[in-house]
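After this come two complexes, each holding chain A, first together with chain B and then together with chain C.
And then the complex of A and B:
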């Protein structure tokens, strides 16, 4: 039933589990949230704090990164939200300006959009899957862990540390 | 291919009478504003049909909120603009019809943990086009959308936005064609909603294992093996259980090319 060359939900969950085992060893903060009732709603999440320096004022932001399974495209998808210290959601333009993400302005808004999260059912910023889909299909055969490979594709866009040890 | 043109036309022409009322806490004038009545296409989206209503209420609210993002609620539940209007009505009032549909208008306290921001109509268009694209990935591995030109994409959107049936279907018919020797889509773009609004998406084939056409009843027994008497509503209609999924997808999908079915 899976879309040709995409990954199945079972492969996704297995990779997530392995990835989170490594993450735990490295204390990198990724956790697996399995869903017994609906396996398609399983995901991994990492919460962290980001420093923002704006006109010499240092503020702390809270960020949440979620990787879920995109059923239509048959690929993992990357989503995130960033809140300021008062709990207000940062806008996409604010996120673009803090260069958490290095994509030029023209492409930025076509690659990242706010969507209702298919799993968490709340607004999240989602990196559009069609940009990762093609690459991921080609890399699938040589990948040891599809989540590591996927994050390798996404992390150049995001200031998100991915320890080398994941590749070992 | 979508051949039952009368059905397509009937669904396209579906309208809902809406009564918009300004939330009491927004009213800054002694005089109470009249409610604003309007007939809107079921297939449209709220940000496309609320300009006039917004202007009607603007002079009754605090001017400092005049530029803030307007949002709507029904019975205290914020309405998600990124779903078609008719779907929202079926979800909230399907079992208990209420006409006109009375909605409350807000200009403050935008519930950003529930509703997507919608600063302009370009956001609606971007959201619409990405949903059509996703549907095409399910139906034809994305091949139809990727071979279309930018002007075709525009025509699809403008047809919907301006309520032009012929303009819209001239392009949409290509998205509703089956390719290759197999009659039918690879998968049916379908989203199933419980009455609490939670959505389940599944990969659904238009055919059974033996190659015969799969109907709604067969899909239900696959997806809900433990439940009896499952029924679905869309466009205000409770769907007959023997409806073939392929026909349903071609004729009863919303303009975003997805079937949005409410459990009833």
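And then the complex of A and C:
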């Protein structure tokens, strides 16, 4: 099996731009934030409100999803935060409990960790890229847009709808 | 069709719900620390709300709220407001909220009175945030208000209806287009006129300031004219901002109450379509009350539904001390999640370690403990940091050695805090009394005091590390730790060799030496540092030349030994039997597989001792049982200590051979005639 490395920053930015064009058409809310000074700090972001119903109490939460470029793995990296109306971030355990699919606790914690965001420099939950690399490596050749493929991999973990139209 | 009851229904506005993004607190903090400092003047900020129909009346502020010009987002309107950040919690609590709101309201009303809002309707909207930021704890107390006059009272003529009941599909599309092309500041309040084929959307100024229009009477075709507003609400009631528009327009046209007004609450869906909008038909009461005579309302209710402030506790994501603590914990957790699922993370956090000696070994051990997630480290040492120390004693730096040098125990604790501020650490300056180092009357009280300090410290900790630079200094802590059943880890250095070992504990159930038929010794019955030495510690410093008293070891010896000492402890704590974890004879990679898993612990089998030799880069793992005539941990010594306490200790300090008499070692010496050999062996363990 020929092992290809990840994608280049140029490929990443190009995919991001194309992805955001589709997003714009679908009003899906993904926006590209390019960094002229340091292109490695370019990223795309989407914010949305989430309704959380827990023991009959309806709480409004805000989620922010950021996809940035991971230099050491050469892959897109997915990071996110969820906070309440006071701006207080939810803990990983709270987030795990709202995940749409049931996922084994240890597995969940083994792929998602809170760390200082390499681009935004504040604490974010980051999905560890080592798993991404393996999967993307296999899907890269057949992928039309690496961001779409990548999101297809991570969205089952989170409440993040990916309209089918991205794939068309 | 509308019944009388419905006609008299007072209009209910849906209040805004504040929604603060974390970046708002980050920027507020930066501004407070770098720009405002103690200045309490109010600050202009921006907030925004959306008129999208899929979200409720959410009013958002974030980091960009502090920008001088707000950022524009689709389907959002920006609102200019004020931040009143108080310097103290008392100021925040004691400020008269009602009068504050009235003052803000009156100023706003003055603006409304001079009719600027007709040309710029966005000036009708306003908000304030009263806050107090506790920047030590990263607690933010805050209270939003959206000032609106409590008068006039407005009635709903009929229940709100869908806009489709008033407009045809094409008309709606043309309305959506026309609304979209309005300037941003005109979108909050505007006028919609319907004729047969087209829909005209005009600004307030275009309609109200039309030439020939009366200043006091609004002459419009009220059946086909609608006042529109960008509606934050998604329920059957209109959003809060309508309240200000109605107050303004009923004040402007005193006769307007004679007419029914039709209002469009404009609500967009994600494509910009307006078919989710509502029509409200409203009427003011006949005897309208002037705004001036009434108070202002608009303080937001908190999560309990009361009028009161909210608290954002941002410490978990903003307090750097907490962030550092969480981040360093992460390494241990990753170990658990990825490789060692049965790892007990909490036991490291709760185990209290006492480090006797804050020299080369003590510094290295402390750093390794930190890395393993230990959070309680106490140092005992009576030395000062000298110029030669910082290169080898990794917690110290050049500054610590200046001016005669800081006390090592204190400098080590302080510097450990610089590495991880959340650690619980302290330095105790105390000399550890030693056997065979006689004390005169003048030093008696000080010695007793030192013994008591050491004893208390050992009692308060779970693990005692012996990292001292002489053999005899290890005697007293070995005895006391054995007496209190504490885990004891011992590390000692030669020039290019090291010894790392764990001690057994005083255990009344243990009967003599472990059976030689067994392949292991239970952890409690393992020998201590002194069990293998059949000589009492004397004054080992006495006959040495000056350079021998300093640390004369290969530098790596301390780093290796300290790392092994901490790994030995970590492995023991992770073993289900803890201090009782068995030590196997002939432990090696080949024999390891024969050891039952339940005796291994999650990090593998745990040796009794590790002896390493740097000249050959090798190590061996000797396992030895307790010696029943041991001068430090045998029952006879511990019992003597129990019975006579300080008197016994003082006698030991004063006489090098007293211990040998007590344990019967003197007889053993004579019997075996081994004295010459023993004298030779002593240098071996003279660690530095």
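Heads up, the rule we're going with is that the second predicted complex is superposed on the first by the 161 of 168 C-alpha atoms of A that agree within 3 Å, B and C clash if a C-alpha of one lies under 4 Å from a C-alpha of the other, contacts with A are read in each partner's own complex, and residues count from 1 in each chain.
Please note the rule applied: a contact is a pair of C-beta atoms (placed from the backbone, for glycine too) under 8 Å apart; a residue touches a chain by one contact, two chains touch by 3 or more.
Everything quoted here is computed from the prediction, not taken from an experiment.
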Quiz item: Putting chain B and chain C onto chain A via the overlay, clash or fit?
Solution: clash
Quiz item: In the superposed arrangement, which partner chain does A:91 touch: chain B (first), chain C (second), both, or neither?
Solution: both
Exercise. Check the residue A:72 against both partner chains and state whether it touches chain B (first), chain C (second), both, or neither.
Key: first
Quiz prompt | Partner chain(s) touched by A:27 [first = chain B, second = chain C, both, neither] | solution = second
Quiz item: Which of the two partners, first being chain B and second being chain C, lies in contact with A:122: first, second, both, or neither?
Solution: both
Quiz item: With the two structures laid over each other on chain A, which partner does A:113 touch: chain B (first), chain C (second), both, or neither?
Solution: both
Practice problem: Have a look at where A:153 lands relative to chain B and chain C in the superposition and call it first, second, both or neither. | Solution: neither
Quiz item: Looking at the overlay, what does A:40 touch: chain B (first), chain C (second), both, or neither?
Solution: first
Exercise. For A:83, decide between first (touching chain B), second (touching chain C), both and neither.
Key: second
Quiz item: Following superposition on chain A, which residues of chain A contact chain B and also contact chain C?
Solution: 88-89, 91, 109-110, 113-116, 122-123
Quiz prompt | Complex contact set, residues of chain C against chain A | solution = 17-22, 24-26, 55-56, 58, 140, 270-271, 310-314, 316-317, 323, 326-327, 330, 333-334, 337-338, 341
Quiz item: Which residues of chain A touch chain B in their complex?
Solution: 1-4, 38, 40, 71-73, 88-89, 91, 109-110, 113-116, 118, 121-123, 128, 130
Quiz item: What residues of chain B sit close enough to touch chain A in their complex?
Solution: 80, 82, 112-117, 126-127, 130, 133-135, 137-138, 141-142, 186-187, 189, 197-203, 205
Self-check item: Interface residues, chain A side, partner chain C - complex
Solution: 27, 49, 60, 62, 81, 83, 85-89, 91, 106, 109-110, 113-116, 122-123
